[in-house]
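In the two assemblies presented below, chain A is common to both, partnered first by chain B and then by chain C.
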Partner chain A sequence: MSEIGNLSVALAALVSAYGLVAALLGAGLGRADLQHSARNATYALFLLLTVASAVLLWQLLARDFGNAYVASYTSRDLGFWYTVSAWWAGQAGSLLFWAWLLAGFGALVVWRQSAYRELMPYVVATVMGTSSFFTLLLALVSSPFARLPFPPADGQGLNPLLQNPGMFFHPPTQYLGYVGFTIPFAFAVAAMATKRLDDEWIRATRRWTLASWFFLSLGILFGMQWAYVELGWGGYWAWDPVENASLMPWLTGTAFLHSVMIQEKRDMLKVWNLVLIILTFGLSIFGTFLTRSGVLSSVHSFALSSLGPLFFAFIALVLIVSFTLLAVRLPWLKSEGDLDSLVSREASFLFNNLILVGAAFSVFLGTIFPLVSEAVRGVKISVGAPFFNQVNIPIGLALLLVMGLCPLLAWRKASAANLSRNFLAPGALGLLTAFLLRVRGVGQPVAVAAFALCAFVTATILLDFHRGAMVRRSHGEPYPVALGRLVLRNRRRYGGYIVHLGVILLFAGMAGGAFRTEREAVLRQGQTVAINQYTLRYEGLSQYPTPGALVTAATLTVFNGDEPVGVLNPQRNIHRGHEEQPMTEVAIRSTLLEDLYVILAGIGEDGSANFRVIVNPLMMWMWIGGALLSLGTLVAFWPERREALRARARYLLVGAEA
Partner chain B sequence: MRPAALSLLIWVGGMGVLALLQPVHAHAAGDGVQAVVNQLATQFMCQCGCGLTLASCTHPVCGPRDRMLAEIRRLVEAGKTPVEITDALVAQYGEAVLAAPPRRGLNLLAWWGPYAALLTGAVVILLLGTAWTRRPAPQAAPPSPLTPEERRLLDEELRKFDV
Partner chain C sequence: MSRARKKFALAIAIFVLGAGYLAFTGARGSMAYYLTVGELLDRGAALRGASVRLNGRVLPGVAWDQVSGRLAFTITDGTRQIPVAYRGVVPDTFKPGAEVVLEGTYDGATFTAIRLFAKCPSKFEAKPGGV
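Moving on to the complex of A and B:
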């Protein structure tokens, strides 16, 4: 079977290279047959990589330990779903997964968006160029089909840290996000190459951008949730370089999502939009570079390899080619729109973009600064959570403020009446919130500011929903129907607002971290530890084997005041084959108000146990915020008949004027 | 419902949740030495190579972390101030033990670079924005007349709008 896999990958590399050359020659020479052939190559590429992926999956599930990859990441006792997830658990498999997704997206673009005839050869060339890089890596450097001379009786199994349901959600969504941004990038390159620099490429890729952003958001959220329940330190974001690497393209991608609206509405920011999508694509590759290169120590260090220099070279090539093309096309990128006022939605979007890109820059600088320091001063330094929190919290608060201002400022020029109508009551509400929190003795200025801004932004958004619904109600619709139809008839706008509400909840959950409390206690059976209103009584330890591990579980009865409210069982597991790396499985009691989070930190020989107990306020709201963000994106993503008709009408008008 | 009433409702709900939260300083005092150690654990990097702070090291069993935490606890119990503890750890492990680089020399670039970039960006936006707002508005070209057939097609399309 491995021969079929190797052959498929080798052919995929050849087909990618062929597709790249054929598409460029077809466009350059005006040869429709070559262009057609290049488009067909995307289907062939997808087929070949599907075969390669199917072979790998078969070998994983059949426990073919003659395959070095299978022997490294699975074992006989590994469950079905974790065995499937081994596809992206290691470097070679995840490269194949990436290449397969890219080929799938490429085929989908060619199939669904063939109407963009002029752009398509360069779109295909960009996709195939990227695919050439990944398939060459698979064929020459990191094959998932390498054979072992002597197959072991059993494999090494999956790293216990990866044996969490998050493994099935976090990497795939993260990759879908990273890979998805290739398509808007490819259209941007095509727009520059063909000088079709109006908003055609933006309209063509709006859904791709939204979908990629959605998956990247989901990937980040799933990663946070996974870190929270698996890593056992009570947090969800440690500002690890690889975490940062996923945040950077998300920030620039978010800026891009917003700024394209300005180009669509006002024909402005053409250069800026191209810069943003180039950066977003570059940063998506940079994320993989950081994960794979090991230039910075990371919690994702199970993924290190020697691929770093190759990724670095690829990123450099992408940036040089893209920015050179952009520089050459600058004369064609003059904006036709003008700014009517600095107090307008357009201007506020500029500040929104500035803050998002500023945040990305801040994260980038902090992430690479240890390398800069070592190169310039020869001194090793660390840049960890305290630095990122201090630098980024003010930026985050500014972003929250702008999120409240942007959507409700009028296009072109906001009048005093517009400002007062939309912001007076929410502004007063925000200030009142801050005042009352201070009066109540909340000492953390950051938390006060965050909650006040959350109140302000929530009020601006809900007021806009309310006003829209009231207008419809005045035409005779009952209020709930009016509210529903308002959202369904303006999906992009109100979907965006729902996303904003989700982000507010995320901010509120983060701000809740200021109220976190923590206790550590060594308890003997029957002893208790108290934290806030909770008392935890240690009832004892139990030990039992599971198919893959030896589990040691503590039993704690939880009292809220005097009332027993539940039992928690934090665990410490020793996985077979990873005896040197015992794993903690935290126990969490979640309510809307707070999480009671218990870690079994150590076990004494006398039966005593060391517990770390944390109360994390408002955590649940972060996950609800994530769900709301997903819902809003789906609403905005859902095809809108009126929008399609609008586009057709616009097409007819343009055609008539030409 | 009037906007002011809706605002009030949102706010009452939000404040209700916040009212149930208890400020952290209400509990920190009672935790004594452990609270100080926990706080300091967020300021120093674990030396096991995980790249995270002592507070967030992901290894369930971690010798370097436990040794450093024990050392910090000993220093706290000996009455050392956080500054003295920091100096002691930097002398022992080097500058890399600090989770945030000290605000001096080249490190200022990391601390202030993002704000300098944001400030520069804001100035550029304000300058460009001012220039753009002063630009005379281009004269709109008169619309090209549509042929009757194009007009019919357009009307047909527009009729499909459900406004």
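Moving on to the complex of A and C:
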């Protein structure tokens, strides 16, 4: 079986290289047959990588421990779904997963969007170039089909930390996002290569961008959820390099998603949009690399990881080629529109971009700070969470403010009437919120500002929904129908608003973190610990085996005031095959107001236990915000048939003129 | 350059300066030397009391009082070693052989850690036979 896998991967690398050359030659020489052959190569590539993936999955499920990868990440007692997740749990498998997704996306583009005839050879070339890199890695450096000379009787098993639903979903969604941004990038390269530099490439990839952004958002949220319930330190974000790596392309991708609207509407920011998509793609590759190797955690591992130099070479190549192409095309990228006023929608979009890119840059700087300081001063100096928080909290607040202003400012120049109509009432509500919170004795100025801004932005959005619905109602539709049709007839706009509402909830959840409280207590049986209005009584320990682990669970009765509200069972589990690494399983009691989060930090010989108890306010709203964000993206993504037809007609028209 | 553009350039400049100021003060507040075991031992005297992030691998032989949360162990860069004292929550990824990053201070004999981050090699990578 492994031979089939190896053969498929080797052929995939050859097909990728062939597709790259054929597409470029086909475009350069104007040979339709070569272009056609390159397009077909994407199908062949997808087929080959599907075969390779199927072989790997088969070996994982059949527990073929002769395969080193299978032996490293599975064991006989691992359940079906976690066995499947081993596909992306390790380095070689996840690279195969990456390449397979890319081939799938490439085939999908060739199949569905071949009407973009002139762009297509370069789109195919970009996809194949990227695929060449990944398939070469798979074939030569990091193969998922390496054989062991002596197959072990059982595998090492999947790390218990990864045996969590969040870790089942987090890597695939994250990768769908990373890989997805290849397609808009490929169209951008094609637009530059063919000088078709109007907004055609942006319209062609609007939904690719949206989908990639969506999966990246979802990937980050699943990752946060996993960190929160599985890593057991009571938080969801630690500014770890790996986390930063997922955040950076999200920030630039979000900026791109917004600034392309300015190009579509006002024919501005053409160069900027190209820069953003190039950066987003580069950061996606960088992110893949960081998550795969975890390099920045240690001081000297850049040299230690065999993948490091290759990834850096590839990223450098991508950046050099793209920016050279961009520089050559600068004369064709003159903006038609101009900025008329600082108080206009264009300007607010620009600020939104500035803020997002500024945030991305600060995260980037903080992440690679040790490397920079070593290069400049000869000593490695790193910055910690306070750096990231100090920079990004004000940036986040500014972003929230712009999110409220931007969608409702008039194009070109906002009049005083426009401002007062849209912002007077929400502004007053925001100030009122701040005032009430201060009066109630809430002392954290940053959190107060965040909540006030959340109220302001929510009000602007709901006001706009309401106005739109009222207009429709005046034409005789009942209010709820009017509201529903308003959203369905303007999916991009109102889908975007729903996403914004989700983001507001995320911000509110993060602001809640300012009021987190924490207690640590060593308890004997019957003793209690109090935190806020809660009292927890330690009832005792129990021990029982499960198929994969030996569970030690503490039982705590939770009182809210004097009223018993439930029982919590934080655990420390010893997983078979990972005896030296006991796993803490936290217990969480979630309400809409706050999470009560209990960690069993240690167990004494005499049955006493060490607990860490945390109250995290408003955590639930982060996950609700994530759900709302998904819903909004879905609304904005849902195809509008009329728009698709229009875009196609435009394309054919432009093609006929050329 | 139109008036709006000038104003916009000014606004950008203010934003960039503000962000730069925040970044500068933030960096100054949380900067710490990021060293390996050998580098710390070489500079030992000069860094006494300074805030340091120390990177190394945990050696077998970990003394852990689960009730008090006190942890004593030794980390190495492969050739040299430093004993570490820590008190607090121990992450699940901490075990002999794991790569750790510690935040704390060095008094010339023991490294007193106030934060402990552990990255188990097998989290991302297969681990062929421990250390």
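Quick notes
FYI, the second predicted complex is superposed on the first by the 630 of 658 C-alpha atoms of A that agree within 3 Å, B and C clash if a C-alpha of one lies under 4 Å from a C-alpha of the other, contacts with A are read in each partner's own complex, and residues count from 1 in each chain.
Definition applied: a residue touches a chain if its C-beta (ideal position, glycine included) is under 8 Å from a C-beta of that chain, and two chains touch if they have at least 3 such contacts.
Remember, predicted model here, so these are calculated numbers, not experimental data.
For the composite obtained by overlaying on chain A, chain B and chain C cannot both be accommodated without a clash. Applying the stated contact rule after C-alpha superposition, one finds that A:Ala425 touches chain B and leaves chain C untouched. Judged by the touch definition given at the top, the superposed model places A:Arg467 against chain B, while chain C stays out of reach. In the superposition on chain A, A:Leu354 makes contact with both chain B and chain C. After overlaying the two complexes on the shared chain, residue contacts for A:Val391 are found with chain B and with chain C alike. By the document's definition of touching, neither partner reaches A:His575: not chain B, not chain C.
One of chain B and chain C touches more residues of chain A, and that partner is B. In the superposed model, A:Gly232 lies in contact with both chain B and chain C. Shared-chain residue A:Phe515: touches chain B; no touch with chain C.
Of the two partner chains placed around the shared chain by superposition, chain B and chain C are both touched by A:Lys380.
Of the two partner chains, chain C is the only one touched by A:Ile603; chain B is not. Touched by chain B in one complex and by chain C in the other are residues 161, 231-233, 240, 297-299, 338-342, 347, 350-351, 354-355, 358, 362, 365-366, 369, 379-387, 390-391, 395, 520, 581-584, 601 of chain A. The touching residues of chain A, counted against chain B in their complex, run 161, 231-233, 235, 238, 240-241, 296-299, 301, 336, 338-342, 347, 350-351, 354-355, 357-359, 361-362, 365-366, 369, 372-373, 376-377, 379-387, 390-391, 395, 425-426, 428-429, 432-433, 436-437, 440-444, 451, 454-455, 458-459, 462-463, 466-467, 489, 512, 514-520, 531-532, 572, 581-584, 592-594, 601, 617-618, 641-642, 645-646, 648-649, 652-653, 655-657.
Contact residues on chain B toward chain A in their complex (touch as defined above): 1, 3-4, 6-7, 10-11, 14-15, 17-25, 27-28, 31, 34, 38, 42-43, 45, 49-53, 55-61, 94-101, 105-107, 109-111, 113-114, 117-118, 121-122, 125-126, 129-130, 132-133, 135, 137-138, 143-144, 146-147, 150, 153-154, 157-158, 160-162. Residue ranges on chain A touching chain C, taken from their complex, read 68-69, 72-73, 90-91, 156, 159-162, 231-233, 240, 291-294, 297-300, 338-342, 347, 350-351, 354-355, 358, 362, 365-366, 369-370, 379-391, 394-395, 520, 522, 580-584, 599, 601-604, 608-610, 612. On the side of chain C, the complex with chain A involves touching residues 2, 4-5, 7-8, 11-12, 15-16, 18-19, 22-23, 25-27, 29-36, 53, 55, 64-69, 89-96, 99, 101, 103, 117, 119-120, 122-127.
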